[in-house]
Structures are given as C-alpha cells and as structure tokens.
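Below you'll find the structures, each written out as structure tokens.
Shared between the two complexes below is chain A, which has chain B as its partner in the first and chain C in the second.
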Partner chain A sequence: MKYTDRQVHVPLCSVSTTSSLVNKTGTWKSAQPLFIDRVSPCNQQCPAGEDITGYMYLVGQGRYEEAWRLIMEENPFPAIMGRVCFHTCEERCNRTEHDDAVSIHMVERFIGDYGLANSLRITVPGPERKERVAIVGAGPAGLTAAYHLRKMGNGVSIFDSNQKPGGMMRYGIPSYRLPKEVLDGEISRLDEMGVEFKIAVKVGKDVTWDSLDNEFEAVFMGIGAWEETSLGIEGLNKKGIYNALEFLEDINLGKEPKIGKRIAVIGGGNSAIDCARVSRRLGAEATIVYRRSEAEMPAHTEEIEMAREEGVRFLFLASPKAIYGEETVAGVKLEKMALGEMDDSGRRRPVPTGETFDIDCDGMITAIGEATRVGDLPPFTSHRGGVVEADRMGQTTHLRFFAGGDIIDIPHTVTHAIGSGKRAAVAIDRFLRGIENDKDSPDQFTWGESGTINLAWLKGTSLFCRRNPSLEVVDYTDMNPFYFDCLPGVKTKRIPVDERLKGFQEVSEPFSEEEVISEARRCFNCGSCTECGNCCIFCPENSIKRDPDGYGYVADMDFCKGCGICVNECPRGAMTMKLME
Partner chain B sequence: MYSLNQRFNNQDIPEDEFMASGNSACAGCAASLSMGLALKGLGKPTVLVIPACCFTIIPGAWPLTALDVPVFQAAFETTGSTLSGIKAAYRKRGMDDVCVVGWAGDGGTFDIGIQALSATAERNDDVVYVCYDNEAYMNTGIQRSGGTPMGAWTTTTPVKDPKSEPKKDIDEIMIAHRIPYLATATAAYPHDMIAKFKKARSIKGTRFIHLLSACPTGWRVPENLSIEVMRLAVLSNIFPLFEVENAEIFRQTVIPDEVIPVERYLRLQGRFRHLTDEAVKEYQKMVDDRFERLRKRFEITE
Partner chain C sequence: MRKVLTGNQAVAYGAMLSDVQVVAAYPITPQTTIIEELADMQAEGLADLDYIRVESEHSAMAACIGASMGGVRTFTATCGQGLFLMHEMLHYATGARTPVVLANVNRAIAAPWSIWSDQTDSVSQRETGWIQLYCEGNQEVLDTTIMAFKIAESLRLPAMVILDAFFLSHTSEPIEIPDIEAVRDFLPPYDPGDLWLDPDNPRTFGSLCMPDTYMEFRWQIQRDMERAKQVIDEVQDDFGRVFGRNYRQVEGYRSDDADVVMVVSGTVASTGRDAIDFLRARGEGVGMVKIKTLRPFPRQELVAALRGKKKVAVIDRNFSPGATGVWAQEIRSALYELPEDERPIIYGYIAGLGGRDISIKTIEEIYQKTREADQPDDVDIWIGVNYV
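== the complex of A and B ==
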C-alpha cells in the first residue's frame, strides 16, 4: 500500500486502538454449531454399503482412481454393479424432489470401466494368519466375502461346482445386460489377490461339508438359488418347454436351445423378462403370461420397459392350467384371474375366476421363481424351506458356518448378495480373532434398516474425508435447496431395437466423460461437507475458518454467538446446532 | 475446481478480512456481516464515516474496534457533509485515492441525514454512501423510521396501529440526483454485493449503495434465518437487486429463477404477523406495481 495506516488516520480526540479480539463474544451463546457428517439416503439405501456421496464428490473433480478405490473399499465389482444393480439408491435420491435423481449407476459403471480399462489393482500382502476360510459358491456373495476376507489378511479358498466363477451373474444374467468381459475382468482381480479358486468342485458331492468343517476355521456358504419352482401342472416334460435357469444357462454357455417361434414365458420377475428378451433375440415372438397385473410385477420397471421396446407382449391376469400338444408343446390353456386382497408381500393376490381361454405357442419357458436346493445344504445348519437361518451378520446356528446371498432371507439381487458377503466377512474376521460382539460391534454401526455396513466409515479411513460421522439420515428438508440450480439429469441412451435384436450386444450405452462429470456434480453430496465455503462466508462473527490441519472448517467458539446462520446456509445438511448445558 | 455449492463459486470471494471477531452486534446481525463483505469489495485504503446507528457500537466501545480501517464517528445528521469534508482534506494532502465511505442506518439516511446526503449528491462529491437499511431505529429500540415498510410493527407503531405509510423510496430520491452510481445489495447474495462495492470504488463522484440488512431482534425472526429472510426479499421482488448508472442505465443484477409470493417473506417475520390475508394481497399488489415500474426501465436498457 502507498500509505502507512498512520498517514491515513484522521486526527481525533479519542481513538480506539485495541482490537475487538479481546471481547470474547462466544460467552453469549446458548447453542453451538457442529460440523457433522450425516448419512445420505442413497448411502443408507445401498444394500452393498457404498459411499455414493463420497465417490460423486471425487468424480466431480475428475479424481476417478480415488473414486474407484473408494468403491473398492466396499464392493469389489463396480463395473458389474453399475450395470445390473436395480439402483434403488436413485429412488431415494434427494434430488428427485428438486429436479431428477442423479444417475448414480451410470457414474458407477463409468468408474468400474475406468478401473478395468486402466487395470487398476488392489494389492494385499500375503495371508497374515494361518487360519483359513472356505467359501462355498463363487456367486457375488461368495466372491465378495472372499475379497474382503483376503483384504483383512485371511487365507481364502473358494469352491464352486460350475466350470467358471460368477454364479447367476454368469449363468443367469444375459450378456446384453452384463458383457462377459466385464464379469471376467472384475473377477480376475480376486485371482491376483491370492484367493485360491477350486473350480468344478461340488461341496456335498466331491468334498463333504464335514471335511470343510474339519479343515477350515470358518466356512461361508453362498450357494444361491438354483432350483426353478415348478408350475405344478401336467405336461411340463413336452419338447419345447424349458425352465428359465436351464434356458438362460444354455444361452450363456453359447448353446442354442431348441425353442419354437412363438414363446409363452410364464412369470413376472426378472428372469421371466430376461427369457422373453432372449427369445426375441433368437428371432421368436415372446409373450409374458403373468397371473397378477403389471403393478404387481416383481421385475424392475426399466427391464419391463426395455422388453416392451423389444416387442415383448404381456398378458396379465392369466395363469396356466394345462399344456396342449402331443410330443411338442402346441398351446396353453389359461385361466383368467382377478385381483383380490393384499397378501403377505403387500401385493394384491390373484384369485381364479374359473373362466378359461387358450393361447397358441410352440415354446414355453417357466420362470416363476428360484429357490435353494435343499439337498445341497449341509445337514447341520438349520433352514426353513431352503432359507438358511442366520443372524444379522450372517452367522448360522452352526457357529463356524456363515451364510449370505440368495440362501438367506434377503431380496434376491446381486447387490444384496454383495452386502451380505461383506457383512459375513466382517463377522468371520471377528470370529477368527475371537472378538466378542458388544456395543462396539459392527452390527451396531450400520447404515439404515437393511443393516448395511460401510467399512471405510467403520474404520474412519474414507478417502472422502468424514470427520464427525453420525448415523442420522439427511432428507430434502435438511438441505438448503436455494444453493442448487435446477438441472435436468442426463438420460441413459439405449442402442436401437433392431440392433439389439441382432444379437447380445450391450443395450445401454455408457455415458461420456462429460456426462459423468455433469451427473456427479449434480449430486447434492447430502450430509457431507464439500468445502463449499458458505458457513465461513455467512458467519457474521468471522468465527469460521478453514481447518488449518486439513479438511473442512472449524468454528472458533471464543467468538461464535450461536446464531446458527451457518447451519441454515449449509447447502447439504452437514451442520447442526447443539444446545449447550 | 467447480463451484461446490452449485450456485455460487465461493472461490471468487476475496480472502481479505478487515473486520475482526469480537464485535458487539446481536447474534445473527446482518449489518456486521455486510460490513465484512463490503470491505472485501472496497479494499484499502478506505476510511469510514459512521453516524449514530447500530454501527456506532458494533465495532466495539472505546477503546476497542473490530475494524481494520479508520473510522470517524459523525453526528447523526452529518454523514454527508463529513464525507465531503474528509474527502477534501485527503485531496488537499494529495491522497485522492483514499476511498471515503459513509455507513449509516435507515434512520440516519431516510430521515435525519437526508439533507446532508442530498447536498453531497448535488455537489457530486467523490464519496461512497452506504445505507444499511434494517427498516427502523433498531439501536434505540425499534422505533419507526421513514424506511419502515407499510404494515410493520415497531415499538412506535404497535400492532393495533401498525405503520400505515409505505416505505420512503430512497432509491428514487437518489436516482433523481442523477448520481453516477446507485446499487441495491444484500449479504444474502455476497457475490453480487462484493462486485457492486468493487465497481463503486472504481467510479468517481457520489455513489450510493442501499443494503437490505435483516435485524432478527427488530424483525422478529429467528437469528439463524437472517440470510434466509433477505433472500426471500430478493426472490419476492420486495428488494430487487439492481444498479443504476448516471440515472440512465438500469440493470437488474440478480434475476430470480422463480418469483415467490411476498407472503412467504412477510409470514416469516413477527413484525408482520398481524397482517390479514387481505392486507397481504394488497401488499403483493404494491410490490408488483413498484417492480413493474422498475422493470420497464430495466427493459429500456436492453
């Protein structure tokens, strides 16, 4: 500056010369602001316990590898997950009340693909302890348990009766939704981490459950649900009739199942939709026959939409009574149904009307649900109709045995399987170390009712800094929506229908890098400080400063008068007022 | 880095701080926040002239001061003439680039100081005059001023007889002086406010900045909502943010995405609690009419 302060000074009779900093106005307050990290509804919803708000923050800044590592703290399969997860997180996104939900799954898919394209690796030291864990079933539940146990320093062997690992992700889900390269790429990382794969070994046949019980310190079971529920009518052994799992397995093995040109698919779940969509790709007409109405269909709405686009027809409120045809199926007799009272699943029950009608077909696929093969379960774990009894962390009645995935009482999805595998890994690790469950147990520290665990949060070592984690969930009313412009979301693009029907090419197109960044930046990062600076700018006391030791801000309680403006102006609900005693 | 609050890029806010902690404003006072932001925009060398108002005491009682710039305490009615005098003295000393800034409340501007202010503006003296308008004599106990809006409760316009006259339109009065720069601003829009102070500093002649400054005590709003209430004033067009150059170029600097009903602004505040739905409707019409008059002039410039 050109002048000294003294030169600029005006001569006066009485001049204030002492800084007001001696006046500790902090004593005035009755409440104080606190920086906290709340749980966003998407994170709470995620059955795999991912830190979505955290990786959106990193992706928004182009920090892809860090974002990938943040996901990998929780879930070993981001590229798979971005494709097949039903993304219930997006239904809970606070942004839906503002404009559109953030397209979380497309960002995750981008990050997963980034990891594959750049061959990103997770390095782990060799097993630290002699205790070894057997994993039975290399589906998403078993693979995830193996991954986390290996990361925690345990030796892991994984047994699977199939020729290749992946479970339903390989033999159920068709490649137009999950390309095999993606699946292989993500699973091969486990190989590199030193997980021992024992493939084409059926436990209970090739090796006994007893021998695992004796040889291993702990066993995780994730053998999935591979028994197709029978329709319970006659004539199911006619030619041209398949059950969904056989049919999809053939397809996924590259075989061409002998199926007709007009196919009736019985059922309303995701496997019914997949069977119908595959049939269209084989050049057949496909009609889904479902005994309730569209509103009750368990299949995901986006899947239903894509099936419609591909020309799949739907016949609602109809249930098969008999199958026509001599050797080969030639038609189905259907009974008209009506909707009755609510059943246990909260959907309206189909009730027979007695009225029947026929449809023509020369192929039929039954897809009315999958259950665990009871005979494949070990004799010593208790189960109810194939649903294995386990506590919240997956421990069964036979204490050394843990379970997860489709064999326990959770929704049958890849994401739930992953979450259950992670929970069981935590429980097994603690079991091996002889840690008793107490009030600090991981099951006390779960996000939301589904009991998902976020490991980074649990360990306090997230790449996205969280200093004062709380289990409160942030809703839209905790946000300050003024600070977020309304920006419509990027829509997922799909390849044209005629392209789709030519083969098994992936249907949904990836987002470009710009689209991914723009989606990630639309994320509110609910409940977490992103260092936006509002608290500091709006503090009338000038008492909020950047934290000199690292991330975020600190409020100087010597001067804070407790007005609470910072809390009101925090865009994302990452602050709260606490009354003082 | 992208703007992490998605609306404002807070990285643009200057780091300079010329107002320290430890001031004696009430909790949630928008005036003390406004001063900090104004000085970020003005920078140094700056001298403040402050007449009787809340800001006589906010920086601290003698011998304390929260301000890192010199302050001259003026008599209530003399802000305008004191500014002119101090500016003349600096010019005489060859220090013409010292920015001389008056900082007065609505009482000291709309009522008691208007004669001296008008004279300064008429001479187009090279000073900045800031009125931080909290819409009543807050420092002496919430008495009605010319800046108090119609319908508001104050201790001298009790609920059974609230203020029946509309707020004096100080902006039009100052525009009529054809000064080189006039702006309205509020701390709820800090980027806009800082930009206006920067601009004011770069212009010669009398510059007038009218700040809306929430007073939780006098407006009867919770302390944590003082930014919120000022934001609603802008979003409802009660206090549109604009600037006027040479009484000719009118520019609205913040255009709300969506104009909200004045009801939301009024109902947040205890001082308007007694207003009937009928009165709120009339209020809406008054605000709409005033904004319409302004809007026409915004359009002419485009």
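== the complex of A and C ==
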C-alpha cells in the first residue's frame, strides 16, 4: 500500500472525546477576582454625598433625566449646587494626575438647569405617617431636611422668619453667582411635594419653641448664622459702614445701600469677596483689607481670581485699629501685621508690629465672620458660643431636637449645610420609626470626611454600588490609565469684565451640551463598573460572563484560575483579588 | 483589474481577496507595509477581518493558531528576526493542524544587523512542518497567497508564502488583480470539519499524549506533507484554468537541451531568465530550473528535470554553517537516487547574502566557474567575497 494512502486510528490532532467542561480547572486557584464597588475620591469628599461617578456615567450617555434623578436622590438643588458649591470634588479628582480634573460643577449645573427647563418633578405620595416634623429655618439645611423627610413619607412643616425661603442662598449670595430664578425654581419643587411652608413666622417670637416641642414629634433646627462678628473697635456706627450680612441682604432685596465710592472691605473670606465684587458693581472702588497674606485667605481661589479680574484691590497684612471721620466714615487707621507661628487652623497667625498707616475711604464693610444669634436658639438647647451640641447625625441633647447647617460645628458652606440636612433627615426618620443605630447604623454608609450619607448606597439602589460595596477610596494608582486618553478639560468661560460690572448678570457661562458630554465622558468612573467588558475580553479562560441578573459581570469560579488579569485590566479599579482560604 | 503594486501590497491584496477573517501581526521591516495595507483595508471596509494587535511575533502566531482553531481563515506576516521569535509557535501550528497562512519577507539574520534580503530565516524553519512557497515576482506573490490558503486548508497544514526583501517587498510592478467573486469560487470558505474550538461544545485540544500514540500524530503530518506534493499541483492547475497563470513546483527554463543547469529560487529566477538568454545568445548550452517549494521538497520533479545533465549549479541565497547551502543539500540528497551515469555533478554556490545583488554578471561568473571546473573546488563556493 502507498504510504500516502495509509491511515492511523487517531484524529488529526489530539482532542478530548468528552466536553472539557468536566475538568473544573478553577479548583486549582489560590486567589479569586472580586467585583467591588468602591468610592471615588470625588464622592468620598462630597459634603452633600452625591454619586458623582454615577451621574457622569449617565450624562456621558445623554441620559440627562436619569442623571437629574440620581442627583435628586441625594441633593434637592443641583442647579444651585452647580453654581455655588466650591467643588472640592474637582481638587480630589483622579483625573488631575492624568490631565485636568473633570469640570464636575459645570456638568451638575447643566443637569440642574435641564431639570428646571424641563420642569422635572419629584412625585411623592401624601404623608404615610401621622407623625409630623417641624423644620425651623428654610435655608439649605432646613430645605434639604424637609425634602428628604417628605420623600421618606413624613409630614413636614417649615418655618422661616424671612419673607421668602432660601436663607443665606437668597440673602447672602449675590445673584451674579446664583440667579434668583434658579433659586426659586429649585425651591418651588418642595412646595409641590407637599412641604408646608410657614413663611414670615419667627419661632421663639411668633410661635414658641415649646409649642413646636408639643405639636411635632421631632424638630430640626437650621436657623443659620446671621450675626456678623464685630471688629471690636470704636466708630462702627458711623454712616457708610455696613456689615457683610446686612449689605448683601440689602443688595439681594433690591435696595441700594448708601455706600460711598471708595470702599474698604475688612476680611478675607468669601463674604468679603462678595462684598467687594458687589461694590464694584455699584460703581465703587473696592479694597479688601486682610490681616494675613493671600495664602491664608479662606476665600476660594477662583473667587479671588474673579475679584481681581473685576478690579478689586487687596491690602494684606493690615488690621483696622480706628475709624476716621465725623458722621460718615472717611478713612481707616491700619496696623501693619507680620506672620507668626501656625495657629490651630494650620495657617500662620497674624502678629501686630505696632506700626500703623492710614487709608482713605468713604465706605466700609466688615466681613470677618458670622455666628448664630444665641437668643434665637431655644432656651433648652445646649450650645457653646452659639455652636449647638449635636452628635454626628445631628441629634441634640434634647432628643427630639436635631440641628444642622451653620449652627453646628461644620464649615459654613451651602454644600455642608445640605449634607447636614440629609444626615439629620435620616436620623429623624429612624428616630420616628424607633430604629436604633445598631448594626445597620448609617455610619456604615457614610461617605467622606464630613460623614455624609449617600442614600442610594444606604438603600442599595445606587446605579453602581450594588456589588460588594466597599468604603475603600480608589486612588489613581488603582486605575489602569492605559485605557484613558489624555484629553484637556473644557475650561469655564466667563463673561467680559465690563459686562459684569454693568449689573448682576451671572458671570460663568454655561457649557454647551457637547462640552458637557465631553466632560462627563472624561470621568474615569473610579471604582464603578461601567460594563466596559475588559474583564470579559481579557479572561484567558472565558470564565467571566455578563451577569444574568442584570448589571455587570460574574466570574465562573469553576473555571477561573485566579490569574488576576481581569483585575489588572479593569480600567477603573472596580475589581480586586482576594486570597482564598 | 490591473494595478501597480509592491510585493507587500500584492500579499495584502491576496489575503484580502481570500476573505481572510483574522489577522494577528506585529510590524517589522520590511514586512510592515503588508500589515499596514491590511489594516487600511479593514479600516476602509474593503476587508471584513478582525485585526488583533499583539506584543510580539510569538504572540502573533499564538493568536493565529487560536483563531484558526476557532474555525476561521487566518493570516499573518513577518520576516527575519520576527520569524525566529515565532519558531516555537510554527511547530505548534503544524501539530495543532491549523492552516494558518504566513507571508515571510526574506530578511537576513542578525548579527550583524541587516534588513536586506536572504533566505536564512525561512530555510531555518525547514523542520517546522510548514509548506514553503517561494515567489519570483509580485504577480506570483499575489497568486501564491490565494493558492496558499487553498493548499493549507485542504491539508490542514500551515503554509508560508515567501518573497525577497526589497527586491519584491518594496518594488512595484503592474499586477493583474483577480476578480474577488472568481477568487471566492476558487477558494470556498474554510471548513474546519469537526476539529475546531466550538464554544458550545468545549473540548481540550493538544493535550498530553502518551508514547503509545505520539508517533501516530507525527506520522500523519509526514503523510500529509507527502500528499501535499499532489495537492499543490492540483491547486496550481486549477488556478491556471481559472486565472490563466500557471505555476509549477519545479519549472525549467531552456533547460531541456542544456548541459549545465542553474538551480535557483525566489527573485534570482527572474534575473536568471535574462542571464540564460544572454549566455544562450553567446552559444552556451546553459539552462535554468526554478524551484518554488522547499517543503514539501519536490524530489521527483527535480530528479526528472536534472536527470542526465552534466553539471548542476545551485545558487543558495542562504547557508547552513558547517554544511552547505540548504537548496544544495536538498538537491544532492534527491539526485543520489539516480544511477551514477545519469547523476550530474553538483556545484554549490553561496551568493547574495544580506541583500548583496545577484546580477546577470554574478550568474555569468557562476556559470563560468561551473563550466571550467571538472569538479567543484569545494563543497560550496562563495561568490563575491572580498578576501584579503
């Protein structure tokens, strides 16, 4: 027989006669991959507990309403937040290690404005429970507490002594930073949700704290800090001298404060910047007088930058000693200061030098800090110099009374106030339902340094935190940056300075839809599975499959050999390896 | 359709016309423009293929084997150092019976570093079980690429299409491009039969084989390599009938009545045709035999072509240190079966290494040496070496 016609009794190449699935190669492994949802650094530090990575993901896909609803799970004021929050999230953005931080606040502003433009609503059923909660103070803390308590099924009444709700957001922030129609639009949604507004009612005068204590099952106090700290020098009653709060309130009420043409603003915080920038809009020259140097200013860098653009001058290392003038202020005597040792805030302390000099001015605004009016607090509240004593969930020593916003020991920002209002709402709801803070204590679900709660995480309904939620924060070294192109961020555009100084037009221009989408797509979605499929593609064993129950992927432990390639190739740190026992 | 194409473009057109489904490749000079052309074709929608980027030639071949096991038509290209890095996987492709087609642009081996042409890279893969098809011109490159798929798939053995660096890879010629529908008729889609990685019926391939069966698997490779001689002829005949261009494993050029026959491969054949014409015009009794296949080696055709000739001069653009040029080894071995009176004297020449030109003058010099010496001076003779 010819060689080439012969046969042998084996196939062309060796092949098993049965399915290789019987050979469970996964039993050899010593480590296994785990899909986890970790906290991104932006979420971790957000004082309002927003799921930023979540809504960036949705916005990137053009799912604006879903993004809006995701923010609304946590924060009732996205359009306000996108404008006034100092967005420390962007300072912590992992993208800063890569190229530029994602412009989170501009995306949030777009989504907030989208909600307003399309009249998006949160619908809630009528109160399911007979218990009612009184909220005192319709500022960001009180409104937020009211919003969340109402969503949780509680009846809510909100008291405020001013003519309109909004607190500092209305009376403290100039409209070039926060237009009034945005504020009104966002607050009006609470009205529609059945929150009872009792406006122009001052608790402690028109109604007593005791009557609230009797009529309501719980009370939230968010009365804010409305007393300007005094400079403590002679002559503050002269004409042309304002404190920041009354000055900004007059402006926000549409009154024209009687102030001169050359204004000295005393202080280095955001209120001082606001007062100086408003003065410029009133046609005056404005000089900020601060006792330390620029590096120690508590004001936000971008605010300082915009003030400079608008011609505000700065006089550092100077502290007022006396005020000149007969009836009206005519000048200030300043003492030169030097920088000394670090103080408790980690900034160098101003030290008097004894040397003085004078400046001329015909108007002066003091903006050196605000405190709670002690007389406005209920007599039974325990406080230290107006700072109310409360646990980290906001419960005071008078157990049915909770506190939040500027009256407790947190930074005085709108965002921190919103976070504290949400925290207290959770605490009040649990208090009313008789839930002890035991093993499901919200402590386990708080995000970040300010201990803010992410409600979706708490309820397990979040877009991302569904699989082995972990409070571990993802940093840049946990990412696989190979998968992310370097793309410069979109810069915020501001209207020209001469336009700004003509009035109170909003300074920052909104992003276009294209810009918003491009920013949202730059988000790494740190720590969250976006179903990119890399784990699945790179698995040499084909053991990673789509989760049949819905979102994400599962690893088939029968065949996963524990090589860890999937974890390595996960672009966003949403996987980890676990050693097996 | 006629187009002016480089050899590398001709390879890419051949693969594209063959409806190749997976390409996994790593760039290396002078192969790069092949895989760039294919990437462009894919990007422009001209070729419907999956392009796998890999980190090395070893991975490229591993990916090709995997893809071919998945039952699809698979292609890669490389040269020189890249082919050496693939070496382990070349053996595996044969054992796994994956009909991968590889275009190898002949490039000299380092060190010293060289990017120019010689055959040492491909002849070094003689024992890997790959069918090796050497090409003379760009038209042959294109046509051979198409035929290689048909040959490889019908035998389930991998095949290498081989072209000289720069002489073909980067030189343009007018090329007849076959109609794709005609190519599809000539080359039906790859049918892996029962032996493929079916996700719905996962099986283990290539697992450990005990001494009592290993030889049987290897024997089948040898049997099918022997069958390949016939298959290659059939495919070339078929191709000639459809497209009107005929190729042979062994092709004589004015050799029937010649006393001295030069045996050549690759681009030397095209220079050789002119050299033979030039020498014939001078009245010399010289002819040429061009060999297209190194593996399987066309022993019978070669014996038939050289039987009774006085002298045979083999030009090797390669060499095996410690032995001779590889073609010369093969030819000596094949002709040994002839009775002594019909067996020509074999003269082995080494020429053109590292891209050094083999011109008509070089061939003339080789012919003169062969004609003048009754016996070769040595087991092989190096042409053009500058001794001091």
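To be clear about the criterion, the second predicted complex is superposed on the first by the 561 of 581 C-alpha atoms of A that agree within 3 Å, B and C clash if a C-alpha of one lies under 4 Å from a C-alpha of the other, contacts with A are read in each partner's own complex, and residues count from 1 in each chain.
Keep this in mind: a residue touches a chain if its C-beta (ideal position, glycine included) is under 8 Å from a C-beta of that chain, and two chains touch if they have at least 3 such contacts.
As the structure is a prediction and not an experimental result, all values here were calculated from the model.
Asker: Regarding the shared-chain residue A:Ser16, is it in contact with chain B (first), chain C (second), both, or neither?
Answerer: In the superposition, A:Ser16 touches chain B and chain C alike.
Asker: Return the chain, chain B or chain C, that is in touch with more residues of chain A.
Answerer: With both complexes superposed on chain A, more residues of chain A are touched by B.
Asker: After lining up the shared chain so the two structures overlap, which partner does A:Gly562 touch, if you call chain B first and chain C second: first, second, both or neither?
Answerer: Only chain B; A:Gly562 stays clear of chain C.
Asker: Once the structures are superposed on A, label A:Thr4 by its partner contacts, choosing first (chain B), second (chain C), both or neither.
Answerer: Only chain C is touched by A:Thr4; chain B is not.
Asker: Does chain B (first) or chain C (second) touch A:Lys24, or do both, or does neither?
Answerer: first
Asker: Scan A:Phe357 for contacts with chain B and chain C and give back first, second, both or neither.
Answerer: After superposition on chain A, A:Phe357 lies in contact with neither partner.
Asker: Is A:Cys486 touching anything from chain B or chain C once the two structures are fitted on A? First, second, both or neither.
Answerer: Once the two structures are laid over each other on A, A:Cys486 reaches chain B alone.
Asker: With both complexes superposed on chain A, which partner does A:Ile537 reach: first (chain B), second (chain C), both or neither?
Answerer: It touches chain B, and chain C stays clear.
Asker: Both chain B and chain C contact which residues of chain A?
Answerer: 3, 8-10, 12, 14-16, 18-21, 23, 542
Asker: Please output the residues of chain A touching chain B within their complex, sorted ascending.
Answerer: Per the stated touch rule, the residues are 1-3, 5, 7-10, 12, 14-25, 28-29, 60-61, 482-486, 521-522, 530-534, 537-543, 556, 558-559, 561-565, 567-569, 571, 577.
Asker: Considering only the defined contacts, which chain C positions touch chain A in the complex?
Answerer: Counting only chain C, the residues touching chain A are 95-97, 156, 195, 199, 201-207, 209, 213, 216-217, 219-220, 223, 226-227, 230.
Asker: Show me the residue ranges of chain B that touch chain A in the complex, using the header's touch definition.
Answerer: Touch residues, chain B against chain A: 1-8, 10-11, 13, 17, 19-30, 32-33, 36, 44-45, 47, 59-60, 62-66, 70-72, 86, 89, 95, 97-98, 187, 190, 216, 222-228, 231, 257.
Asker: Considering only the defined contacts, which chain A positions touch chain C in the complex?
Answerer: These residues of chain A touch chain C: 3-4, 6, 8-16, 18-21, 23, 542.
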